[in-house]
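Pasting the structures in now, so scroll down.
Presented sequentially are two complexes of chain A, the first with chain B as partner and the second with chain C.
This part shows the complex of A and B:
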């Protein structure tokens, strides 16, 4: 079409969600707190935060699928298990380099996510959710039953992997997890958060939100719905597997419960808790969930009941989660 | 020169025949209105012509290519766009983002996963141009759900225009809006079509003032069949057609 007579754009237009300075302050404060955590909290809490960062990475991927594309996976925990078991197999084979483990886990996640995604993305709403749950439970059953390969219900031990650039020989396990490896994972979280920000701010990201809002209209405007859904399913799987690698390190074990439906439910809970309508909601949800669970479990055996009540309250009174309370203006924005 | 053709198109819903042997040909430069009473098969015809429905029998060709089972995505790439009878928007997306989506598709950039949308000047130039044509320049940051009913319909049309199609099919673009808004919408549509170089417009319409005021040709549909196909003067002179389609003798 002609734009004759129109002045060329001299400034880059902003998206509809204006970016206030306040909007950048909240994530900056949040990441600063995570960075300072080993200094302001004890080792126990720093290791909890280590796991929290792993869940945050997995949730960034899950939220690309759910918050941005409108596909709710009830089986995303299968990718956590893929990451954890990849770590177990590689460290057992004396491949302890963390970069190799992360890349291998990402590769395995792609190999698994492509065929499963090709089937699942043809469906939406509850059908998509149930299909992903079914595949997750298939993996759980495999991990649980095939003892010679997977260690069955006992799982597989994980030896401490090491990044290529660090020498941990003078540190004990706690020292590694609250020191250099903590900041390695923190840097990984920042990097993957930035990569996800780029994805949701890209032309593809706008297409995903259009698919979520109105699939038919999106197709008529030239959005390749099936391809985009497959891409986000695979990306979400990669983030899930990388999260699984991180989560399994402090535990030192890959066990079938990582793929169990309860774990997938926990991931969805974390999303709702943090707020799936905000880009940073998943990170906040993961961290708050991990610490809240830790405190509840140490005080009451009815912690699941408390979680259930909390979830109901969030859905009823705070549908945009904690980030919706902290920064209510910013929705689906990076 | 014919750009869109339907030959012997039949469409059944179970035992019900919604379209029965429809033949039509749309030439470049035409503004064709499809008229008929409720249930005549107008929307079914548009849905078949735009790939939303597959015909039970017959063929639909666009630029000489059979498009019967091509689907909306490939049709949009071939140069066909449409708007819908009911308001069809992205409620949470802004006007800017809605138009940008079509501009991105036109540029073939929809799959770029790490590219910066904000820095894509061609996209925002198209958004500026289309929004100026349709009077959205001051509403670019409004979420589509907050627009008036007329503006929602217009945004649906504007986003279709942003695809830079060769042919556009508009399913009752003025339904559900006030009489004053109808005329304004049509004037915007005609001006936009001229400025964007659209080769043909097909419009389903109930308002006879608009039909006779803007169409170069009218196709009257009744009970799934083409009852008459000709100039506005010819249709107006056919009392049987007017009686069947609009109940006037």
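This part shows the complex of A and C:
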């Protein structure tokens, strides 16, 4: 019973890789839809998609940790908060350049993820989940309580950042978020999706899957388990912080609830909704969650109940999520 | 001196409640191997139901001496209603990866928040006058201790002693402990695991709901009290050791006293201090202070 934390995590569903000719159709259609979205939907929905892309980036990182390496973080929202607060501090200091903000957020995420990762990766299973939860709550309590530095429960305001080569002066906020900045974020999503694709198809990605399936065997085969896990934790943290920057832009506010454990739970929910066994599952999950939440909240006060029932159904009956239903044969992360 | 006695009493009071909820978390983890994120939600719904029960008792003008039994009974009734069906739901994932178990109980957290909202509304509820009806104990001219705090500490102690007796001395308690050690051998020995699991889970729920009901005279019930408590309960079981009952007691005392001292001395560090301890324990002694070695 007490050895539970020190054994490799097993029993995540696996399957053979089957690469059908049509396998690329679904993601291609999905990305085209995101690209065309500001033209086919109103500004409210385009801005929702903007946040959806932010969550999608964060979830790509989280899935490297969970889907590929078998480590379930229940504190990943701390990186969203790191991204959002970095944006807030930099824009308050009149540094509005989005590239600088993104790079700084990534840098801060690395600085935070390396020491935390060094501690967390020694544990797997439930202990990893609890330790990451503890760290995110540590950050939350700092953000919530240290009013003079962090703005306390009111959080910090964020001014609209600006990419280097763009001129926004003729546009209002909605115009920026549904126009140039939307496509900037879309390009970023494509870039980071491609980078993640390269990571998971590299020898490192193979090593991660080996660790997930059987840590001891992987070690015997010469996979450096601890180093691989640390790399994954840091990469996931960087993706989380970049996602956090993007999520915070339309909200215009960095507040401590971003780091709360329920937010981390929601991230894992999105991942499961989209399907953690599929490479594109995180992106689908983020977008569907954001839109579903928006629609539910406008119709009922009790959207959490609906979400809870939905999550329970997914966990019990559809553990491979939406991608598992749409495309049952393609499980790229397995 | 005075402040240290105040810290001690309020710290042990919150530790008593925290111990009840964490004991529920521990027994469910020990026997069913499920980390139940929803134990905070049971605590929250227990608190709201306690308000309903207590205002009913006030309407009937029951004497103050009956308030505690009414609260405990309300927690038990609620646990009997909630426990078995939820255990039935969890049965579908006993043999699944523990990540899914965590997520299913997270689904319960989301559901319970709205269930409470449906029945009791979104604004915090409070019962006035009951807390003071129990009077105060005056130790010195400028030092008083609310009697209610002492009563709750005594009740929590009584419940945990009764619980310990149940586990150690009764036949069913022995079956529960045997199941915790090795479920498949117990099944081979014709122990009805379904019954054991159903009883253990209902007991776990009862510890949460009673814990929630008991804080009601002292504090308001709010929608986020559940998700806030689960973080404390997690801290308790990590510090004490996952699955260990004495560990839960020690962990609850550490968390309760740390919180009380921090609120008194330096409020900004209230949560921070607890998490620093949690992380230190995880690093230095990952199985917790009283957790069993591998």
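Just so we're on the same page, the second predicted complex is superposed on the first by the 315 of 334 C-alpha atoms of A that agree within 3 Å, B and C clash if a C-alpha of one lies under 4 Å from a C-alpha of the other, contacts with A are read in each partner's own complex, and residues count from 1 in each chain.
Simple rule for what comes next: a residue touches a chain if its C-beta (ideal position, glycine included) is under 8 Å from a C-beta of that chain, and two chains touch if they have at least 3 such contacts.
Every value quoted in this text rests on a predicted model; they were computed, and no experiment measured them.
When the two complexes are overlaid on their common chain A, residue A:316 makes contact with chain C while staying clear of chain B. By the touch criterion stated above, A:292 is placed in contact with neither chain B nor chain C. In the superposition on chain A, A:225 contacts chain B only, with no contact to chain C.
In the superposition on chain A, no contact is made by A:45 with either chain B or chain C. Measured by the number of chain A residues touched, the leading partner among chain B and chain C is C. Residue contacts after overlaying the shared chain place A:217 against chain B, while chain C stays out of touching range. Of the two partner chains, neither chain B nor chain C is touched by A:168.
Touching of chain A by both chain B and chain C, each in its own complex, is seen for residues 1-3, 6, 9, 12.
The touching residues of chain A, when paired with chain B in their complex, are 1-3, 6, 8-9, 12-16, 18, 195, 198-199, 201-207, 209-210, 213-214, 216-225, 227-228, 231, 235, 331-332. Per the touch definition, chain B reaches chain A in the complex via residues 50, 52, 71-73, 76-77, 81-82, 84, 88-94, 96-97, 100-102, 104-106, 109-121, 123-130, 132-133, 140-143, 156, 159-164, 195-197. For chain C in complex with chain A, the touching residues are 30, 33, 35, 37, 89, 92-93, 96-100, 102-104, 106-115, 117-118, 180-181, 227, 230-231, 234-235, 238, 241-243, 267-272, 275-276, 278-279, 282-283, 286-287, 291-294.
By the touch criterion given at the top, residues 1-6, 9-12, 66, 72, 74, 119, 122-123, 125-127, 129-131, 133-135, 137-138, 140-142, 144-146, 260-262, 265, 268-269, 272, 301-305, 307-309, 311-312, 315-316, 319 of chain A touch chain C in their complex.
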